[in-house]
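Each of the next two complexes has chain A plus one other chain: chain B in the first, chain C in the second.
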Partner chain A sequence: MKAILKMELIRAFRNKLMFFSLISGCGIVIMYYIFSVTKYIKSFYSILNSDIASDPLSANLCWIGTAYDRYTVLYFFIIPILAAIPYGASLYMDKKDGYINNILIKTDRKNYFFAKLITYFISGGVIATIPLILSYILAIISLPSIRPYAEYSLYNIYSVNIFSNIFYSNYTFVYIIIFIVFDFILFGLINCLCMVFTYWEENRFAIVLTPFIICYGLHMVGQYFIGTDKTPLTYARLNVVSSEDLIYIIGELLILVLLAIVSLRKGKKDVL
Partner chain B sequence: MYKEKIYENKKNIIVILCFIYVLSLGYLRTYINIWNNFDYNFCKIDLLLLILKPSYIGTFISIFTAYLSMHITKYDFNTNLILRYKSKKYIWLRQSVHIIINSFIIICSVVIFDFIIGIIYRKVTYNWNSEDSLFFSKTHGMLAYDKQFIVIISIIIISTLTISIVSILCNLIYWITNSQIFSILITICFCLWNVFKPGFYFDLFSKTKLNEIDFITGNKLVLDVSILPLILIVLIFLSLVIIRKKEFLNDTRR
Partner chain C sequence: MSYKIIKKLVKYDLYWGILNKWKKYLVMLILSLIITFVFIKNSQFYYRLDKLDSMPGFLDYIMNMFHGMKNFISDGNTQFEIPVEWMAFHLFVAFAIGNYIIDDLEKCGINIITRVRSRNKWIISKIIWNVVAVLCFYLVVYIVNIIIALSITGKLQLSLTQSVCSKFFELNNVNMESGNGLLAIIILPILSSLAISQMQMFLSLILKPIISFLMIASILILSAYSMSPYLIGNYSMVQRSEIFMKDGISILTATIVNITIIIVSVIGSIVYFNRKDII
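Up next is the complex of A and B:
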């Protein structure tokens, strides 16, 4: 199990497409830094130089996670595709070119599919979170990481949002860690949809695009019927999640976990 | 040949069309609620005119049509098919025609769907000639008589051409990069960027959008109907130069 998992992780991470996905995600973050964070920095120094007392800008406000900007929207919209590009069609390609037959002679079917599922999860999560970490690092090296106070009304995190008490405390970095871990789990599970749809689709590009099509479709449906706060592309920004929506989010995550388990079972029973 | 392609992709076409209809229903419902709140008396033609809004055509119709076009052309680079056709030019033109037909069918189905929504909400087909209409309020007191056919035809033509341009651009990127994933990724970024940052230089959707007043002045209507086919034709024939050096590599990992 360990050996096959290691091999699959190497296949996922030592990959030109993984490099492309990370560069694209980080590219959006850098564009966001150049065109948006620099404005925050200018504003911060102009406040310091003026005599008017004002609320200080903080790094916690202007990283891509908690800020609301067109780059933020673009980043969270295309991350399901970027996450699926390097490894999304891996199982399909293994089946198509017969690689799976060679592997299954040497190892247990259960181990192989389980290793695949874990690799789908980890690769999706890593691609989604590395640009977020980069954005936070860029923010904290540019602006002071001042303790946020709800009275400033600067932050779009309110008392109804989950973990707001952690954010408005001395442990804001814990909130950032929770944010990043949540995105890791969310996009990891979304990436597992590629494995689910390998048994349904017969085209590489369709398999890779399925997570995006589902997330985007849900987002648009949510926009008109149930509210966007309950769709993955919106609640990937944890700061918009309110306590009332938590039950929907847990439900959706459970469905994703269930689908991943179903794909695992289907993989084990699949006739090659 | 097109029929065969439709048949082999019927599962995907049904799913994508269902997505488009559900989203259309949501979009129309939002506008209908707003108009009802303000007591505007709208008609079916007002609902159809919403198709040209960037937030309607740009956010989902274009993206899903481009996705379907990629599905329809997915087997065109198979070795057997490549050997069957005489030239790259023929393959490209055939694909372009299929994309245009595909776009036309999708737009016609969306128009019919919007019309059905109008029937469900018990709205009259045309009320632009009445003083208590939404058209009268939006144009600050103007009336238009017997424009329904012009409106429907221009909506179908302009939206078909707009989404055909997007889908053909997507297909061109596929020919250049040899990867359907990158082509659809670039198309999605292009569409979303256009919608979230209006005023972008290549903002196709805002530039082709028609308002009620444009059917009275007629300038933008004539410009759209004459410029868009030209752009499409230039795009298709200029692409012939770009695709000239295309190599069909039998890459099994793609």
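Up next is the complex of A and C:
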């Protein structure tokens, strides 16, 4: 199991497309830093130099996760595609070029599909979160990480939002870690949809776009019926999630886990 | 002779790229049905509350599909709402155009090129297919909305309803007296879609189809967020046209830019494909 997992992880990460996805994600973050964070920095120093007392700007305000900006919108919109580009069609390609036949002679079918699923999960999570981590690092090296206070009304996190008590505490970094871990799990599970749909779809392009199409479809349904706050394209930004949306989000994550398990079972029953 | 070969190639592409992909057109049909029915349901709700003077007609349905959104002004706190109808249509067209050309090239394109002894004819046929495929998507949307309009209102209303526009699109004083209104609602979205699709096909020849889709999706979302003439998605948003918005995008500029993009993409596709290593 270990050997096959290691091999799949190497296939996923030593890959030109993985490099492309990470560079694209980090590129958006760097553009965000150049065009938006630098404005925050200028504003911060102008406040320091003036005599007027004002609310201090903090690194917690201006990383891509909690800010409202064109780059934030772009990043969270395209991340399901970026996450699926390097490894999304891997199982389909293995089947198409006969690689799976050679592998299954040498290893257990269960191990192979389980390793595949874990790699889908990890690759999706890593692509989604590395740019977020980069953005936070860039923010904390540019601005002080001052403890946020709800009274300043500077932040887009309100008392109705989940974990707001952690954000407005001495442990703001814990909130950031929860945010990043949540996105890792969310986009990891969303990326597993590629594996699920490999059994139904015969088109590489469509398989890679499945997570994005599902996310966008849910967003559209959300806009019409239940509200966009309950759809992954919106709640990937944990700061907009209110406690009453939590039940929907947990439900959606459970469905994603269930679909991943279904894909595993289908894989085991697959006749070569 | 050359014309006959191109005709045969176009016939082949229309069969395999449109008729054989009928499921995609069925999805577009369902999508436009859902969008229009949700719009009608919402209109009925407001009509019962006396917030609408009359129910929407055919052109309002089309407006609902392609209106996009007004200029978004970010204050750092307002959450950006994606214009779902406009985005869904354009993303779906991009998805449908997607990888047909590369897929066909990998499957039997090389054999066809060897048989017809011309790369130009093959790529010209694909360009024609692209135009027809995009027009077919619009045809589906129009047919669906014409049928709905005729069955609900009994007529094909070619003017916008003021109260509907105020309520749903935040447009006051809609003036449709000149033909420019119809041009902005009907012709410009089609022209923009043709430009976007030709650009996508050109990009998928240079890069990979998935990366070209990613670029189109990025352009569309950035266009919705920022009103800029450099982001071509803006030209397909009816609400941002100068007809409906002060300081909006001029119809002339939109037409010139779209035609320029189409010409550059077509020439680029032909020139690049002639030099591309396809073996």
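Rule of thumb we're sticking to: the second predicted complex is superposed on the first by the 272 of 272 C-alpha atoms of A that agree within 3 Å, B and C clash if a C-alpha of one lies under 4 Å from a C-alpha of the other, contacts with A are read in each partner's own complex, and residues count from 1 in each chain.
Note that in this section contacts are C-beta pairs under 8 Å (C-beta built on N, C-alpha and C of every residue); 3 or more make two chains touch, one makes a residue touch a chain.
Fair warning: this is a prediction, and the values are worked out from it, not measured in the lab.
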item	value
Chain A as common anchor, with chain B and chain C clashing or fitting	clash
Chain B versus chain C as contact partner of A:V257, first or second or both or neither	neither
Which of chain B and chain C A:K96 touches, first, second, both or neither	first
Partner chain in contact with A:L74 - chain B first, chain C second, else both or neither	both
Partner chain in contact with A:I85 - chain B first, chain C second, else both or neither	both
First, second, both or neither for A:L209, with chain B first and chain C second	both
Partner chain in contact with A:Q223 - chain B first, chain C second, else both or neither	both
Touched partner set for A:V240, first chain B, second chain C, both or neither	second
Chain B/chain C common contact set on chain A	70, 73-74, 77-78, 81-82, 85, 203-206, 208-209, 212-213, 216, 220, 223-224
In the complex, chain C residues that touch chain A	34, 38, 74, 76-82, 84, 87-88, 91, 95, 98-99, 103, 209-211, 213-214, 217-218, 221-222, 225-226
Sites on chain B touched by chain A in the complex	12, 19, 22-23, 25-27, 29-30, 59-60, 63, 67, 70-71, 74, 179-181, 184-185, 188-189, 192-193, 196-197, 252-254
Interface residues, chain A side, partner chain C - complex	20, 24, 67-70, 73-74, 77-78, 81-82, 85, 156, 203-206, 208-209, 212-213, 216, 219-220, 223-224, 228, 233-234, 240
Chain A - residues contacting chain B, complex	70, 73-74, 77-78, 81-82, 85, 93, 96-97, 203-206, 208-209, 212-213, 216-217, 220-221, 223-225
